[in-house]
Amino acid sequence: MIAVFDICILIFLVAIAIIALSVKDLLASAMILGIYSFLMCLLWAEMGAVDVAFTEAAVGAGVSTVIMIATVYQTSRKSSD
Amino acid sequence: MAPMKIVALITVIITGGLLLYATGDFPAWGDPLSPANNSALSRHYIEQSRVETAVPNLVTAVLADYRGYDTMFETVVVFVAGLAILAVLGQGTSRERAAIQRSAERYQERDMINIMTARLIVPVLQLFSLYVLAHGHYSPGGGFQGGVMFGASFILIALAGGLPEALSRLSIPGALLLAGLGVLLYGGTGLVCMMLGQNFLDYHILHRLLPATDAVMARYHAMLIVEIGVAFTVTAIMFIIYAALSSRGRMTGGL
Amino acid sequence: MVEQFPILIELCPLFGAILIAILGFRMPKLCYPITVLAMALSCAAAIGTFMMMLASPSGTVIYDLSGWGRVNDTAISIEYRVDALSALMLVLISSVAFLNVIYSKVRVAQETPSKIPHFYILYLLLVAGLEGITITNDAFNLYVLVEISSLTGYALIAIGSKRAVISSFNYVIMGTIGASFFLLGVGYLYIKTGTLNMSDIRSIMEAIPDDSKAIKVGFMLIMIGVWVKMAFFPLHGWLPNAYAYAPTATGALMAPLVTKVMIYIMIRMMLSVFGPEYVYETLGWTDVVVTLSTIAIVAGSFFALSRSDLRKMLTYIIVAEVGYMVGGAWLANSQGMTGAIYHLLSDALMTFCLFMVVGIVVSRTGDPKLTAFQGLYRKMPITMVGFTIAALSMIGLPPTCGFFSKWYLLRGGIEAGQYHYVGALLFSSLVNAVLFFRLIEMAYYHGAHAHGEPIRDEDHEQYRMHGADPDSQPKETLANAPWSMLGPMLVVAIGLIALGVFNSTVTEWIGQVVANLNVLEGAN
Amino acid sequence: MEFIVNNFNYWIYVILMMIGLFAMIAKNNLIKKLVGMTIFQTAIILFYVSIGVKGEGATIPILSYEQVHGTHHVEEADHAGEDDSHHAQADLPEIDARTITNPIPHVLMLTAIVVGVATLGVALAISQRIFHFYGSLDEDVILAKIQKGDG
């Protein structure tokens, strides 16, 4: 439990969540969501939840991002908001 | 601003306000004596699970044994997701064979560097995922994480060499069979316990079937069995999800 | 073997689904018999559990999964707990699901010919999820089961027509919000009590001061979560389209059961986890919620009046009925609670019966509008008998069960002095009377004009959905709806009357659950 | 500093949840709604994981070999088949529950992550189907098409 590390990641998380929702390019949005998941995984590892962090790294940052990009690829990349 | 956004904003602010209001009542952060952390339940798991199950990784012990019923339904959730995606997108079984036939030429069109890298990584990835699965009792990991990584190795093959390439290694009907077998392995373990006269998922009775085990080690080994079941299902379904979503259910081409 | 009945209820559909997953894709013919068998066994196990509950001296049956039992009076693994309320729900869910499988055989083959194994697997797992919700005594397990029933529900709706897909997406968004709020509420309880077993949460919470903000917000989150999932009025947006455009077999299963099971969760949370003293006295939100349900009833009835599409009309009636039950449960007296639980049972059967009738009518006439009923008494007399019984029950005329459940709700409303709720109930009954007598009149008197009018083929094909080849089927005539559809419908129609005739027995069972409410009233 | 560290996790979880919820309700694009859904769900997981934290000095919920199998050479006396927990426990070193992170929230959240990815997958499949029917993922465009009678 390292307080400074904790606070830095939390601030990053909020910033990245807002960016992921505000970019107009859905491919970029999906990629940024992958970064969000990975930061979340770091945070949980730091909190001692190693199993949860491992799962999030494999699922959130890995598979979720891939299937989201697959959907963006199969549909349209542009978003109106 | 559109009226929808205003409604959303009001909803969100009310919800957020409520949640912030309640945080004042929480125990201090990281307090080892908070009600949740010092409950009889939590202390029982930390202090007794080593005696009752002989598994050092408390998360695995709780996940696969004490709350094993939850985990069975977690596996079922994964299974449902795969089937739901296939049902929603439709399934191109007849075209599948034709697609696999064309895979040879598609393979040539793909980028050489990607393919070679994937060839290097995939065996290591699969071996590591087996380690994660088997070593889940002693380190972070277990059936779910191992299964996701094994499924990811197939996704990697599909990304590098095209979907037909991956489907020629694990076809959709084969994957569905694997997923069904995974849930069957989990539920079947519970059912065997029932047939031996105990409640569902009460593993300790399995020492009658497993050689050279006592009631504690029977739990230990049964946990490994159910984790393997979870890994089967997760591997198959992760690949199915990717295969269906990357081809709009037509199971050809891919990204 | 006997003591294993509670888990068998859950395992039969689960293993049925696995069996179909392994065999069904190669041999699609096996799907239907496996599903019927699994549902029949599950139904038998549910009845067995009900008998166990009646035989047990404490009125509850505890089944401990993983066999750990209780240590220091704390449940360390997940356990099942069956009391009168959950036993009634289990019998209801398994029998409705069983009858619906038989009913839907023809329709599934027509509407989703290429997805038969998928349909039956998802169907069985949806039922497994709903049954698990009613039986489990673990708050987090409840969440997992809610998610199973939602995920299968999304898919079962989305395999329907074009409009069904978009309503299914809305359902995903709303359903996830609801389930996540529920999960968050469970987290708030966990942070204060340190356990997930619902009975243990109750006993630990007695020691926590009543003005705990976290408990209050946790309760609120759980309530909002289940309200979203049950389509309580301002949060009902997802329901009408989702159920109206879903395939017939899905609609007939989900419309009666899913919202009712969510109401069951609400009642379970109020009675078993938070306790009536906390919900009715400490919080003091009774008036607000009853007012909200009054609005829900009135709004639902108005919307139902304005629809010309049969299934849309029924879905708005469901919205109004949800208002009945939420209001009844929040009236804070045992009459109201009895009425709410009784109505839970009778409304599930009424909705089921009506959806089956509408499914038959729409599939035979190819007309989704109210006008489809013109002259149907002459052409489809058996179907119309079922329709009439269900309609009378919906309006609330004796001897059907709709009368008795409404009677308890009204008495509860008067006793609690919530006259606006009583007024809304009467108004809604009036609206139902107008709606259904219009249909009955149309079906009875307009026969002369519509008689002999040929079925319009375009419409007909449209309602068979994609993939069905009209020439490969024998030409359907209005008269010969297959007995696999009529039989279950008639059974439910008889059930409606039986549930009304044996009302004293039913209320006696319900009385076991609401007994602690009487203690509360006595204390005042 | 103490105050901030104590509450910061809970504040951020509320903020992330609000961001996700807002996107789920108000965003126009269906994929964006799903991005919001993921953020919303991870925020709840963050909340649960925060419950189980036990401050400075607490370690991850995995016991060491000695804690499970005893410190000295007790192989012959270890577990030769007896179920008597008191006897087996006598050889084991004491565990202070305060030094090990609470495993329950972790177990619950493993399940929640799985449920999250399952929901995301189904929702993505449904949105691909919507794109197939309506040619767009923007809610406005789809609603306009439905209103024109193209539904």
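Some observations on this one:
As written, the chains take the letters A, B, C and D, and residue 1 is the first residue of each chain.
Following the convention adopted for this analysis, a residue touches a chain if its C-beta (ideal position, glycine included) is under 8 Å from a C-beta of that chain, and two chains touch if they have at least 3 such contacts.
Because the structure is predicted, anything quoted here is derived from the model rather than measured.
Contact tally for A-B versus B-C: the pair with more C-beta pairs in contact is B-C. If each chain is reduced to the centroid of its CA atoms, subunit A and subunit B end up 19 Å from each other.
Averaging Cα coordinates per chain places subunit B and subunit C 31 Å apart. Centre-to-centre separation between subunit A and subunit D, using Cα means, comes to 14 Å. Shown for subunit D are the residues in touch with two or more other chains, namely 5, 9, 15, 21, 50-56, 58, 60-62, 104-106, 110-111, 114-115, 117-119, 121-122, 124-129. Touching of two or more other chains is recorded for residues 140, 144, 147, 151, 154-155, 158, 165, 184, 190-191, 196 of subunit C. Residues of subunit B in contact with at least two other chains: 19, 26, 30, 34, 36-38, 41-42, 45, 48, 57, 59, 67, 70, 74, 77, 80-81, 84-85, 88, 140, 144, 241, 245, 248. If you sketch which chains touch which, the pattern fits none of the simple shapes: not an open path, not a single ring, not a star, and not all-to-all. Shown are all chain pairs that touch, namely A-B, A-D, B-C, B-D, C-D.
Only residues 1, 3, 6-7, 10-11, 13-14, 17-18, 20-21, 26, 29-30, 33, 36-37, 40, 43-44, 47-52, 55-56, 59-60, 63-64, 67-68, 70-72, 74-76, 79-81 of subunit A touch subunit D when the two sit together in their complex. In the complex of the two chains, the subunit B residues touching subunit C come out as 18-19, 21-22, 24-27, 34-42, 44-45, 48, 65-70, 73-74, 76-77, 79-81, 83-88, 90-91, 173, 176-177, 179-181, 183-184, 187, 191, 193-194, 198-204.
Residues of subunit B that touch subunit A in their complex: 30, 57, 59-60, 140-142, 144-145, 148-149, 151-152, 155, 159, 238, 241-242, 245-248, 255. Listing the residues of subunit D that touch subunit A in their complex gives 1, 4-5, 8-9, 12, 15-16, 19-20, 23, 27-29, 31-32, 34-36, 38-39, 42, 45-46, 49-50, 52-56, 58-62, 101, 105-106, 109-110, 113-114, 116-117, 120-121, 124, 127-128, 131, 136-138, 140. For subunit D in complex with subunit B, the residues that touch the partner chain are 5-7, 9-11, 14-15, 17-18, 21-22, 25-26, 50-56, 58, 60-65, 67-68, 79, 81-83, 85, 88-89, 92, 95, 97-98, 100, 102-107, 110-111, 114-115, 117-119, 121-122, 124-126, 128-129, 132.
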